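Both complexes below contain subunit A, partnered by subunit B and then by subunit C.
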Partner chain A sequence: VMTVSYDQFILDCKHFTGISDSLRDGWRLKQVDGIVYIAKTQIVQQNSDNTCISCDYHVIHHVSYQVPVLYFTACYNTGQVVPVDKIWSVLVSIDGITDKWSMISQTDHPIYSFPCYYVHPCHTATLMKNHSKTSNYLLTYITSVSPLVGLHVSIDYVQN
Partner chain B sequence: KGAWLVKSEMATCDDVQKQTNEEGVPQIEKVVLSLRPVGNTPQLKNKKFAVESSRNVSWLVQWLKQKLKCEDDENIFIYVQQTFAPHLDTQFNTLYKCFGTGDKLVLYYCKSPAWG
Partner chain C sequence: GGVINKVMVDEGTRREVWNGKIPVCFIVDQEEVGTTNIPPEPVFMLLPRVSYFPFIYDKLENVYGGIVGKSIEETIWLSFGSTPLKWHYPVGVLYDIHGRSSTLPWEVIVHFKNYPVDQLLLYESKALETHFKSKMKEADWLKHKAEVIQQMTPQEFSRLWQGFSQGSYDEFWSVNRKMMLNSRGDIEIFKHIPFCIYKEGSKVYQRLIPGVGSTIGDLLQMYVKDEQVNSKYEALVQGVELPVETPLQWLSTYMCNPDNFIHICIVCNT
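After this line comes the complex of A and B, so read on.
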């Protein structure tokens, strides 16, 4: 497996949000309870009756696995949480994968404790072991999982 | 001025060269890909191909899944510069403009067990 230390993760986050600022892409560097992570809010669907789904993405370093983990929640503009079956059809696009729950599951947010979805850290570790030559661990991780969760990361992140 | 026949979706570099030299053949824009494996991913016999520049990453993923005989639960990921996985909708003409070196576009591919 290929892990990343929390110190390196913080450096990667600062670099990542720096690029995001220059692109006005909306990723914010946050520090809560001493924990540094990055967050982004995105509207992923706009329906004809003016309802839309707002999704919050957090990438937080996992202490035990020593890898970044993507957590996300999705709400309608009424504040109502998007139900599980809608999550699959709207947000999560998985081509040809039979067992969705093996990648995305539910948990309590590690900082705020509310229920959310996440990509399990053991999947990060498995994926990243192929990427020993990446020049940007966090960028590789985020772009690898982003198609799963309706997140779009511009090519300009690597241009910088 | 014989008829051009492309035997498969993926023309070799020789075909592209012939195409540009032949008279009366319409110029179709192609991008030469150089595909390199990452990690334990198997290597392709021929790593250099020319593809329609309007094709996108999603198309390449499907092609590689077929070529590498992937199981249903295996995944292919494509990366530029071993670092960035472009969105599946991204077309090769875009990638070539951004990351093309010389006459080709180097892409890294990774076969991952689908998350388990």
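After this line comes the complex of A and C, so read on.
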């Protein structure tokens, strides 16, 4: 199982947000209570009724498993939380996996303690199997996990 | 001799942890009952510290569900005053965080409407078992790189869950004792200690702490500013204030919760 140390994760975050800045892609480097992580907000417009869903994505280093983990929440512009069935239908697309809850579940945010969805760290190993040691671990992780959760990641990240 | 007495004391501690209880008084949310109805009677229960509120959700639904006209889609939830109680936290932890300063029995309000989805995880019948299993896997990953739990058969895990959910110490520990040994069945210090810290009402970001040589004092150093350690802040485990010299390896072996985590509430004694 491939892991990444917290120190390396911080370096990867700085590298990743550097690329994001040059692409004006909106990822922000955050530090709260001494914990470094990256965050991005993405607006998804629903075609069915023209309502907007605002998604917050956080990639945070998981202390026990020593891997990056994606956490996300979604709410309407009223501030109301998006219900779970909408999460599945609008945001999450996992083809060929019958038990969605085995990959994406709910948990308390590791820093702020509010409920959010996350891609379980046990799956990071599967997602990272094609990772080459020379490239940015965080970048490989984000490009692998993003299609599952409606997160757009430009090809320019990899080509940069 | 001395060694045998220590084993008996340690085992006794483990039983005391299992048997520790909180007296709780459940009252249903008045607003859900309506003013025209006679207020329903409160329900008193003596709940194990190491258990979870969902274990008694059925009982509460049987008592109050009909009175409030609970529908199939509605899910029960509990609060202390206006603070929703996280169903995936052990009862004892919730009491130590929220109820310590109130008189006993601890008054908890039962709700069926307006589930606070922005504060509580969604709940369905298997949610607690799934959460428990996930915690156990994480605990063994920290202690043994998951080598012990990987050897556990589904039947063993089933006995573990049955034993715990039905309050059978012997059945639970007949399986869980393996989690205190390495994959060869020998005593070995845990690589890292599985712990959860709660401070000022919520769980704080976890950190790694090795099994070798670590004490409660080391944890306080991590989570409380230097000048406040020993003077104001104390660590509570299973409701007991612990001396700073207490070794975490011992705590993890004899005072952990059934999920194999030590749950520590950092409290301020002003």
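In the analysis below, the second predicted complex is superposed on the first by the 149 of 160 C-alpha atoms of A that agree within 3 Å, B and C clash if a C-alpha of one lies under 4 Å from a C-alpha of the other, contacts with A are read in each partner's own complex, and residues count from 1 in each chain.
One rule holds for everything that comes next: a residue touches a chain if its C-beta (ideal position, glycine included) is under 8 Å from a C-beta of that chain, and two chains touch if they have at least 3 such contacts.
Given the structure is predicted, the values throughout are model-derived calculations rather than measurements.
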Room on subunit A for both subunit B and subunit C (clash or fit): fit
Contacts of A:107 with subunit B and subunit C, given as first, second, both or neither: second
Partner chain in contact with A:89 - subunit B first, subunit C second, else both or neither: neither
Dominant contact partner of subunit A by residue count, subunit C or subunit B: B
Subunit C, subunit A and subunit B - angle at the middle CA centre, rounded to the nearest 10 degrees: 130
First, second, both or neither for A:81, with subunit B first and subunit C second: second
After superposition on chain A, the shortest CA separation from subunit B to subunit C (Å): 13
Residues of subunit B touching subunit A in the complex: 38-41, 61, 65, 72-73, 75, 77, 79-88, 90, 94-95, 98, 110, 112-116
Touching residues (chain side subunit C, partner subunit A) in the complex: 86, 88, 117-122, 130, 137-138, 141-142, 192, 194, 202-203, 205-208
Subunit A to subunit B touching residues, read off their complex: 95-99, 102-103, 119-120, 123, 126-127, 129-136, 139-140, 143-144, 146-147, 152-153, 155, 157-159
Of subunit A, residues touching subunit C in the complex: 33, 35, 63-65, 81, 83-84, 105-108, 110-111, 113-115, 122
